[in-house]
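Across the two complexes that follow, chain A remains constant while its partner is chain B and subsequently chain C.
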Partner chain A sequence: MKDSLVLLARVPAHPDSRCWFLAWNPAGTLLASCGGDRRVRIWGTEGDSWICKSVLSEGHQRTVRKVAWSPCGNYLASASFDATTCIWKKNQDDFECVTTLEGHENEVKSVAWAPSGNLLATCSRDKSVWVWEVDEEDEYECVSVLNSHTQDVKHVVWHPSQELLASASYDDTVKLYREEEDDWVCYATLEGHESTVWSLAFDPSGQRLASCSDDRTVRIWRQYLPNNEQGVACSGSDPSWKCICTLSGFHSRTIYDVAWCQLTGALATACGDDAIRVFEEDPSSDPQQPTFSLTAHLPQAHSQDVNCVAWNPKEQGLLASCSDDGEVAFWKYQRPEGI
Partner chain B sequence: MAGSQDVFDAIVMADERFHGEGYQEGYEEGSSLGIIEGRRYGTLHGAKIGSEIGCYQGFAFAWRCLLHSCATEKDSKKMKALESLIGMIQKFPYDDPTYDKLHEDLDRIRGKFKQLCSLLNVQPDFKISAEGSGLSF
Partner chain C sequence: MERVSGLLSWTRSRVLWLSGLFERGTARQPRIMEEKALEVYDLIRTIRDPEKPNTLEELEVVTESSVEVQEVNEEDYLVIIRFTPTVPHCSLATLIGLCLRVKLQRCLPFKHKLEIYISEGTHSTEEDINKQINDKERVAAAMENPNLREIVEQCVLEPD
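== the complex of A and B ==
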């Protein structure tokens, strides 16, 4: 199982600091990293090695917690503990901060672009989720402030094809939002985790959502529409979400991130026990009650907590990870034979 | 025979009897003190919420006047948010503290107010003071 995940390269991305998050651009050619040193770095390949192509400094006064590329790949958003979100415009190797979104009362924990490219979501320790709309002139406008969570909101993610937003919180729940009559509303709350939910990932089809938590489990949730074949009860015209699988007993510490490969469907996790794990769905399992097997487990992937794992969107098996040790590592994952 | 038994009962059960009476007295006193404290808390808490919503309403009315002659599309988006906030405030059931969606509606009002501030590009500065008029020199 060790051979299924092979180290390709390691870079000291944010020296003397933590590397908090990674994001591949839609083309899969660049990797953005952000950290406690208040900087965002853009990495690209030069031959066989990964080099730093740009450094985005002067954007934030405090730790940058998350970064996200726009679907067109021309913009990068950075969410910071300084309570702001910067939007950077890419001009070849240069990035220019074109807007700073303010409004959150304290640390912004996450930022995500909707697949349409017209909407952006941010969330914060102030317990709110903000939805922003961007027009043709690069003007950003807040369209909704959602106060559904009762604690710090850790992560937001958009559905891959619908205008549907999911958020994860310190209040142990996952909430889902959609637009109803010109306003955004929370239409579902997923309960089940016994502690903070740190991250979320939709599967390639968008029918399932994976969540990872401080309770050391990964849960897979599925949406059931009213009058569904499986007989899952729904109230009125609202879809119902059910937890169809729980991966427990695999992680010995908090799971900080989960990433669902859009090419292969493999699920990678970043854990506080310094390890990276990969799970794959058993091909013969029932889609309503899937089973996942552990196909890779690399202990000591980093020397400290692994904060993020990110699958390359174009190159199969290419996985990037980052850690509290400030390093970014690149891995080649190969599904082991006979599983 | 029955008479002497009652006398013994009175002595033997005295402890329990006084215990019961004491409990009853204490319970009644506690209940009435609880009601007083509850009323005080309710008044304070209710006034806090009322004050907060009142601020939002005043803010919204003032801006509605200022934006009265709205011309641009951006202004109409602001007006829409303004009207939405005013509508939510007016629909809020002030005389029903047992309304089950009270906190949900309150959070929606707060969210709409924050969105409005973002659209208008104003940072709300007022502090909702629970101690009274909050005048300071």
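== the complex of A and C ==
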């Protein structure tokens, strides 16, 4: 199973500090990394090597925790422990900070762009999730402050095609939000994890959501609309979400990130036991009760905790990972024969 | 036929996973490492209490039996510390947890994962405190707070 994940390259992306997060641009040509050194770095290929094309410094006073590209690929948002979110505009290899979003009371933990490109979401240790609207003049306005979680919110992610938002929290739950009559509301709470939920990922269709937790499990949730065939109860016109699969016993420490490949459906995890794992759904399994098999397990993928895994959106099998050791690694994943 | 191959592939991956477990040694009881535990204790006993002019050892916040080291894998250890705060004060307990983590992160020479807990039954909100001090994101952010950082630095400073 070690052969299913082959190392292509390793770069010391954030020396003497930790690398917290990675994001591929929509074209799959650039990788943004961010870390404890308060910088964002942009990586691209030059022949067979990965080189640093830009360094975004002077944007934040503290750790940059997450980065996110806009759907058009021209903007990059960075979320920081300094309580702000910077919006950078790309001009060839240069990035200029065009706006700084303020308002959260303390560390911003995550930022995500909606598929339309008109909305942005941020979340923070202040327990809130903020939705921002951006207009044609690159003006940002906060349109909603959602206080549904009872603790630190660790991650936000948008549905791949709908204006539907999901958040993961230290309060052990996942919450879902949508716009109802000009206001954003929390319409579902997913309970089941026994500790902090660190990250989320929608499957390519958007019908399922994967969550990973400090409880060392990955859970797969499915949306059921009112009057669904399976007879899952819904309250009123709100969809219902049910946990349809739990992957337990595979990870020996906290799972910090989960990534669902939009090209192949493969699920990758980043774990505090320094390993990277990949799971694939068994083709013959019941869609309402799917089973997933472990198709790759690489212990010591990094010398310390793996914080993030990210599938390249265009190149099948290309996976990037980063770690507390400050390194970014690139991997080629090949589904093993006979599985 | 598809169902059978699905089942076979599932079984095969479970067998592979189990054999992977055996290779990693997690199927057997991890070895307790006493020498390593003493090495850890030597580093933490001199940490000063945030409020009193005494070390954690003097105040019996930590004792030799507070430290447990398990060998997870070759050259890979799990260090577990259970400490007893002097007073049931929330912020003080999290501060001690922070000091323990920072001292070991900086000074412990062998590769390790660290878990810190308040000894059972010594605090009303121990679950809350344990969760906080073991959340590395919360710890990292706390250490970027200049006031907190200053207090921690004073507590972990090696005696002359």
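Convention: the second predicted complex is superposed on the first by the 339 of 339 C-alpha atoms of A that agree within 3 Å, B and C clash if a C-alpha of one lies under 4 Å from a C-alpha of the other, contacts with A are read in each partner's own complex, and residues count from 1 in each chain.
Going forward, a residue touches a chain if its C-beta (ideal position, glycine included) is under 8 Å from a C-beta of that chain, and two chains touch if they have at least 3 such contacts.
Since this is a predicted model, take the numbers as computed values, not measurements.
Placing chain B and chain C on a common chain A by superposition gives a fit, with no clash between them. Using the contact criterion defined above for the overlaid structures, shared-chain residue A:Tyr170 touches chain C, although it does not reach chain B. Look at A:Asp152: by the touch rule set out above, it reaches chain C but stays clear of chain B. In the superposition on chain A, A:Leu294 makes contact with chain C only, while chain B stays out of contact range.
One of chain B and chain C touches more residues of chain A, and that partner is C. In the superposition on chain A, A:Ser128 makes contact with chain B only, while chain C stays out of contact range.
Using the contact criterion defined above for the overlaid structures, shared-chain residue A:Cys72 touches neither chain B nor chain C, since it reaches no partner. Once the two complexes are laid over each other on the shared chain, residue contacts for A:Ala27 go to neither chain B nor chain C.
The vertex angle at chain A, taken between the C-alpha centres of chain B and chain C once both structures are aligned on chain A, is 70 degrees to the nearest 10.
Judged by the touch definition given at the top, the superposed model places A:Val98 against neither chain B nor chain C.
In the superposed model, A:Thr63 lies in contact with chain C only, and not with chain B. With both structures placed on the common chain, the touch criterion links A:Ser144 to chain B but leaves chain C unconnected. Superposed on chain A, the gap between chain B and chain C at their nearest CA atoms measures out to 21 angstrom in whole units. Residues common to the contacts of chain A with chain B and with chain C across the two structures: none.
Residue ranges on chain B touching chain A, taken from their complex, read 74, 77, 80, 84, 107-108, 110-112, 114-115, 117-119.
Remark: chain C residues 2-3, 5-7, 9-10, 12-13, 16-17, 20, 24, 26, 72-73, 111, 113, 131, 135-138, 140-141, 144 touch chain A in the complex. Residues 1, 18, 36, 62-63, 65, 81, 106-107, 109, 125, 152, 154, 170, 195-196, 214, 250, 252-253, 272-273, 282-285, 291, 293-295, 297, 299, 303, 305, 324, 338-339 of chain A are the ones touching chain C in the complex.
On the side of chain A, the complex with chain B involves touching residues 102-103, 128, 130, 141-148, 182-183.
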